[in-house]
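A quick write-up on the structure given underneath.
Letters A, B and C name the chains as they come in the text, with residue numbers starting at 1 for each one.
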Amino acid sequence: MKKFLAMLLAIVAVLGLSACTKDDGLTMWCIATKSDSNRHSYEEAIKEMEKKYPDTKLNWEAIENETYKQKIKAAVAGDNMPDIFFTWSCAFLGDFVKEDKVYCLDDAYKGFADKLPEKMCKNTTYNGKKYGVPLTMNIVGLFANMDILKEVGYDKVPGSYTELIECCDKLVAAGKIPFGCAGKETWCVTEYLESIIEKSIGAKALDDIFCNGATWDNPDVAKAVTIFQDMIDKKYFDPDGVSLGNDAVKQNFIDGKYAFYMNGTWNCADFSQKGPKNCQVAEFPVIDDSKAKLGQLIGGPSDTLAVAKSAKDAENTAKYTFELGQLICKYGYLDGCGLPAWTVDYDASSVNELTRSVADIVAKSDYMVLFGDTAMPSDEAGKYLEQVALVYTKQVDGAGFIAALKAAIR
Amino acid sequence: MKSKKYDGVTIFLFLLPALLLFVGILVAPMASSAINSFYQYKGFGQKTWLGWDNYKRLFNKDFPAYIPFKDSVVHALLLAGFSVFIQLPLALGLALLLGRGIKGERFFLSVNFLPVLISTVVIGQLWLKIFDPRGLLNSLLRLVGYLKEGDDNIQWLAEGQGKLLYSCFIPMLWQYVGYHMLLMYAGVKSVPTELREAAKIDGATDWQVDRFVVIPSMKQIVKVSVIFAITGSLKSYDLIRIIAMNLSTKDASVPSTILMDYMTLRGEYGVASAVAVLLILLCFFFAILISTIFKERD
Amino acid sequence: MAKNKNDLQQYQVRKTKGWVNVLISIFLAIWAIINLYPLYWMFTFALKDNKQILDTNKFGLPEGAPNKWFWSNFKEAMNTGPIGRFFLNSIIITFATIVITTLAAMMASYAITRIRWRASEMMNRIFMLGITIPIQASIIPVYLVVSKLKLINTPIALIVPYSAFSLAMALLICNGFMIQIPKELDEAAYIDGCGRGKVFFSVILPLMKPAVATTAIYTFLQCWNELMFASTFLTGEDYMTLPAGMAQLFGSHTTEWGPIGAALVIATMPTIVFYILFSRRIQDSFIAGAVKG
């Protein structure tokens, strides 16, 4: 009986413990977990904000990517949103805007218009109203291990498609593996496939398919898929890739097993620290120059902070979020986690060389198509990724790919 | 002794905590899932009435955006089959061997139960390394000469090659052998020692003792194990998630991966709810089926 | 007595053959190694970097002398936050779940097995259906229930669902034990003038110790490693459990596996130590529960 009472006491203690929840300051949720490359930039930015506004306490929490998506949706459903929350641009934030859960940032933006170009807000503008503060942005880059390229006689990344194919043939002949791609994580396959499609059909056409309701029933897309599968057939891709996750593939590239690796430019910091020793980044070459041209990229501003409609003192919170976003962007760029969506008005000479060359590529670009799975609503993205995975394992060909997506999406 | 009315109140009071938990956390949410399964719903915001469309997507091949739900059920039942016909016999064998009073009985018992206690993340990562293209399994195959010098690695984990499902099953079956072993060991030990000895005096071998004395007395425990193995197989998720890596996996899909895929990644909560409803019905069906089978055998 | 035993041995005419025993021993030894290996592997995994884990050294000891091993992984795992706090939260939440589950199951089991009423068997079956409900299926509806009760971000938000999901199994175990207690005990107590409540608390509960142990272990296994509910229902480090805290080690594009290995060692150790210390008791109570269940 005594033990039983002790247990009851313990329960009461737990209940008591839960009764004293804090309710001061702002709350923020993001995905910059402890091991995330963006973590440091959040920490620095928040430190600076706390110094500037000692009265505003920011209670922030980072949640692992996949869990976060679940958590923020549940919070929206249960009206338990934090004041400030991380979101992806386009469809993901759009869903919340549609439900009228997000605070409109048009008024607050006026104070920051000179530092944040209008075009960087394009992905988070719905019905002409701004709802998001962009942070860093990333594009897909063709990373190249120059030491391996040198062995087959190249001292720069092949600039044209024919040259790239030649280079790959030489690599294969020399017993090297040109590309590594993680088949177990479909987003990694899209990094390749989307670039190939874009450089075949042109940025505008791809953007229309992703965002503006154009049909997937486009023979040029099928042709691009065939090109990708031909590359797989010609052993340009590590055959083990179908069984690997991105961590393993990326490690292989760092260890010098692949000549090229196509992935997001958030890798720049890692590659400049861990290797490969001679690494360069370039744009994927143009495949069909009647439709596509250089300067058309995959990527753009996606990482975003937004303010909940339910936020305390929403207008001031919105201003606070802009300032915070600007700082996160700045420190993120300095850390080499991505490119700045905000104007650079500080000394950025310490940024690693790879990130700076990405900045050059972006500066010369004139069209960016956001990653397909971010641009599309999540149900469509699911169907799209399903087909992309089948492309990589060659369970569907180009014609099958467009037919399936036409049936499932448009 | 006590008045009936009074008993009614007592019964209610005694059941109350369990009922509150059961209704509040299991029944009510399930009922809401059942309702949601008829809507197009993102998990928040607007719901749109769909009627049976979500279910049609799961069953009708010609329906737009068909989901191969039947495959996932087949996979889960296959796992249940392996579980009942390979895992449980293995567990039974171990339990019988240990139950004979072998030296180090307790040690083996403890060690064999260990995998149950280790986080599935560890188990999953370890088996990923075993099935890795340059992992333990392929290295062994090269060592014994099954794979020759120039041969490509066998892709145990790739989609579309028919091996992924089994690469997911093996760790799952292995991890819980110890659990069932412990259950069955309990059954073995519950046979009175005198009975064993009497049988031996009559000239029975160890095997005959097991076959004719021990096993027949274990019906109840085997039933529990079978129920656990089958409902566990139908609900399986964690290890598949880690080893298949991709929730949208086709080769290794089970109802739970489809459920989580549509709920978390695709934000199609209505479909996920429909899967949840079907999954629960399936589990009910099998639980009842097994009980009936064991009852008929009496 | 001694004579008897000798007789007994004389009659054991058909002993299992020696070589069969050797084979059995070899088989058991190999099986034991297979089951021990993951534990060993977990420790080595915790002391490597991504290069070794993913590429060069997937199975062996970490490369180099022990002072070259990546002990820093542990430091990094410890730095994910107030790990002591996470630990304490996990213990409190698990403990409270165990208490609630056990108590609710005992009470229900008492009403079902020891009081005669018409629908008791039916009631029991309905509860048993709970075993079949997959925890993943209910996260959003449960979230809505919990948030309507304004319990989000309180430990109760976890304790209540965990208890509910462990209930059916706990009831199964309790029923098994409860049936074994002779009915005469209750009768005697009633004659002494005790009410049902008194009988339950002072006669039945003290006899149910092994059942408590069994349900406790089962419930512990259910909730100690649970992640999805933990990270959805709790925000902030105040109440975060160990698995939710450790999940912070997964990055969004790249993951450093070494610190995760270290974190897993930290999270698994209490279970293992507890198991080593009490393995016999745990097994015994498990056995007792299972046989009767």
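As a convention for this text, contacts are C-beta pairs under 8 Å (C-beta built on N, C-alpha and C of every residue); 3 or more make two chains touch, one makes a residue touch a chain.
Keep in mind the model is a prediction, meaning the values are calculated, not measured.
Two chain pairs, A-B and B-C, are compared here, and B-C has more C-beta pairs in contact (counted per touch definition above).
Averaging C-alpha coordinates per chain and comparing to chain B, the farthest chain turns out to be A. Inter-chain centre distance (chain A to chain C, centres taken as mean C-alpha positions): 39 Å.
Between chain A and chain B, the centres computed from C-alpha atoms are 36 Å apart. Averaged Cα coordinates give chain B a centre that lies 16 Å from the centre of chain C. Touching of two or more other chains is recorded for residues 100, 103, 139-140, 144, 257 of chain C. Across the assembly, chain A contributes 70, 73-74, 77, 248 as residues in contact with two or more other chains. Across the assembly, chain B contributes residues 43, 132, 263 that each touch 2 or more other chains.
The touching residues of chain B, counted against chain A in their complex, run 42-46, 64-65, 131-134, 152-153, 155-161, 244-246, 248, 250, 261-268.
Chain A makes touch with chain B in their complex at residues 66, 69-70, 73-74, 76-77, 95, 98-99, 183-186, 239-240, 242-245, 248, 377-379, 381-383, 385-386, 389-390, 393-395, 407-408. Contact residues on chain A toward chain C in their complex (touch as defined above): 1, 4, 7, 10-11, 14-15, 17-19, 21-22, 27, 29, 31, 33-38, 59, 61-65, 67, 70-71, 73-74, 77-80, 82, 246-248, 250-252, 254-255, 264, 266-267, 270. Looking at the complex, you find that chain C touches chain A at residues 50-51, 54-56, 76, 79-81, 92-93, 95-96, 99-100, 103, 139-140, 143-144, 147-148, 152-156, 159, 201-202, 205, 227-228, 231-232, 235-239, 247-257, 259.
Those residues of chain B that touch chain C in the complex are listed here as 1-2, 7-8, 10-11, 14-19, 21-22, 24-26, 28-30, 32-33, 36, 43, 94, 97-98, 102, 106-123, 125-126, 129, 132, 135-136, 174, 178, 182-183, 185-187, 189-190, 197, 200-201, 203-207, 220-221, 224, 227, 231, 234-235, 237, 256, 259-260, 263, 269, 272-273, 275-276, 279-280, 283-284, 287.
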